[in-house]
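Mind looking over this structure? Questions follow.
Chain IDs A, B and C follow the sequence of writing; residue 1 opens each chain.
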Amino acid sequence: MGIESALGDGYFTTQIDSLTNWARSNAAWPMPMGLACCAIEMMAFAGPKYDAARFGSEVMRFSPRQSDVMIVAGWVNYKMAHAIRRIWDQMPDPKWCIAMGACASTGGMHRCYGVVQGCDNFLPVDAYVSGCPPRPDALLHALMKIQDKIRTEHSVMLDT
Amino acid sequence: MDTKHISDQLDSKFFKEHQEKLYQALEDKHTTVEMMDQDDPLHTKMVLNMGPQHPATHGVLRLILQLDGELIEKVKVDVGYLHRGVEKIAENKTYQEFMPYTDRMDYLSPYANNVALCTAVEKIANVEVPERAHYIRMIGCELSRISSHLIWLGTMIMDAGAVSYFIWAFREREKVLDIYDQLTGHRFTVSHARIGGVANDITDTAMAMIKDFADKFPQELKDWHKTLDRNRIFFDRNRGVGVLETEDALESGATGPTLRGSGYAYDVRTFEPYARYDEVEFEVPTRLEGDNLARYYVRMEEMHESIRIIRQCLDKLPKGPVRTDNAKQAYPSKDEVYYSMEGMIHDFMMTDTGICPPEGAEAYHAVEAAKGELGYYIQSDGSGHPWRLKINSPSFKNIQILEQILDGEMVADTVVIIGGVDPVMGECDK
Amino acid sequence: MDLELSETQQAVVDGLSGDFTDAFIEVYQSSGDTFIRVESEAIVDICRYLKDEHHFIYLSDVFGIDRFTSRERFEVVYNIISLRAREHLFIKVRLPEENPVVESITGVWKSANWMEREVYDMFGVEFTNHPDFRRIFMPEDFDYFPLRKEFPLLGIPGSIDLPSTTPDPE
């Protein structure tokens, strides 16, 4: 409290980590990797009723360079897996990944030759959402979990 | 130009052979894919890769466009980025077990896909369906057509530049999904139809919601017509764009609203009426122009007609069972399963082996899904699993015509044309 | 089995057994659908004949079947529609296990293009005179034909690559 009283009104002190985490967690722009049915629920998640804007995530960025959270929505085909990995590599750090739905998490019901049995075979996944397809509420929950995770990170302190 | 040259310059990180063949496919005896000429960049052709991850391709469609300035000279469409092999899965599942996979084929209108599979199995195995179930199926199918066309409206107009339609269309779509939630227990992958009927009857709440929706939705449609029908920007983007003549449409296998927008009234509901479509009155909207605007009018009219069909179904809805009570052909009701020994045994048998059509039987049955003729061909070997199940998917046929209609268009119109054809990749890629 | 052929179907059967005596093999019905089996060499001529003479102007589907028998293992089925008579008709050809080749009907219906590519991709049936003959769903680097019965449901491990998990420097 000492510094603040010395600086006068209009100042407050905080850790730089808390500030960045606060900013990052409330502006987690999704990279919608909409593949299949889950993509439609992801659209509903951004749509008027569920309104992802309440969590600062309404800005669906189709350019990987501008996004923070990749939402893999739908089953991942072997042919598509390469494109997904390439887009993930193009996203700037720090980045997070949500595997939305059973197919993206484990292959789900598509236990078949064409489908990668879970996108965690080639992506580091932070949150898995169950359901086939999950309701938009469940995706919002996953987004909140990602926000919680962002808030506990120590990015700047580790750098120094 | 020899093909080796391409492969040398091709800087691909994965599936080298695949990419090479794809680029080679652009070549014919008149054109060759030239690599960037260092001397005069204005004289070289540009090959533009679009997708598989692109917001306007409605999923994971990939287009390779060969451009001359802003004009598209030649297009190659690459599909298969969602291929998982459902036909292979079908050969390892019982007929009823396979039904949830049909939800995930055309995930914009899953109810129609359920009905398509069930009608095909009913045809091959001679299953009678109660009257009431037919009407419930028709209501479900028409609602799914509306929900699919709403996605088309939202995304296609968003691609053309108006984001507000995405919000409005999704607001209405949420109402349809809420009805499904009440009626079937899930928002959109419903799996509600069963072989021999439907899973459960319409509840009073669901009935009230459908009535309410049928009353209020036409007003909504009228408002949309008001803002779009005389909208200069919308017209300029769509009129005369992506023209497909009637003969070309038939020749190249277009189906659904794309075919009807080109002037041929082919609709399976009137062509080979299934369920009780011969007992309700409706029009098959058709347009002659064959451009994107014609497809817009056809789909908007179809939503009107769907509401009309739903109203008639609600009026005519007969009383009675919703599933056939022949225990060899359909699941027994839950009451029987819980309170009688036979019911439980039948339930077990249905889950274990399911319905067994006669050996060597073959059948094809099509329904009119939101995208067009959706047919299931089944060949049985006498067991509970199909020997071969082929899905004749409308999006596959409609995407094929993209290669034709994109020729000679401007590159900026690509997204509108894809939006107008309205493909679903999950169905196209099987 | 007694056949219940409609007028158009009867005309088709009469026409085929008259004009294509060598190629016409059999006609049978199952669950209300009519199937005509012909020799694979004559398929293009027969398709053109059906389109020109009997108004089967719309090709709905082309698909393959693996019969898993030692003789004539593969079957290619053409699902054609007469919009005037409101009828479906199925034309079948059978092909041997070794080197299954049939002529492409893209010259008759343009829409056969992708459908034949799909049959090739799934069963390995080759089509001659096809304008753009490639795989359609699976990448070219894939060596198997997944809908053949001997192909396991879960695929063959290592037959198709997963992306590398070391970050791309770009």
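In this text, contacts are C-beta pairs under 8 Å (C-beta built on N, C-alpha and C of every residue); 3 or more make two chains touch, one makes a residue touch a chain.
Quick caveat, the model's predicted, so the values are computed rather than measured.
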Longest centre-to-centre distance from subunit B, chain (CA-based): A
Which of A-B and A-C has more C-beta pairs touching across its chains: A-B
Between subunit C and subunit B, distance of the C-alpha-averaged centres to the nearest whole Å: 22
Interchain centroid distance [CA atoms averaged], subunit A/subunit B, Å: 29
Rounded Å distance between subunit A and subunit C, as computed from the means of their C-alpha atoms: 45
Touching two or more other chains - residue numbers and ranges from subunit B: 13-15, 80, 83, 85, 88-89, 429
Shared interface positions of subunit C, touching two or more other chains: 137-139, 146, 151, 153, 161, 163, 168
Sites on subunit A at which at least two other chains make contact: 79, 82, 84, 86, 111-114
Residues on subunit A engaged by subunit C in the complex (per definition of touch): 78-79, 81-82, 84-86, 89-90, 111-114, 116, 121-122
List of subunit B residues in touch with subunit C within their complex: 13-18, 20-22, 25, 79-80, 83, 85, 87-89, 92, 123-124, 126, 250-253, 264, 266, 271-272, 360-364, 366, 373, 375, 377, 379, 387-388, 390, 392, 396-397, 400, 404, 429-430
Sites on subunit B touched by subunit A in the complex: 13-15, 52-55, 59-60, 80-86, 88-89, 100-101, 103-104, 107-108, 151, 166-167, 170-171, 173-174, 177, 187-189, 425-426, 429
Subunit C - residues contacting subunit B, complex: 30-33, 35, 57-61, 63, 65-66, 77, 79, 83, 86, 88, 90, 109-111, 113-114, 118, 122, 132, 134-141, 146-147, 151, 153, 161, 163, 168
Residues of subunit C defined as touching subunit A within the complex: 137-139, 146, 151-156, 160-165, 167-168, 170
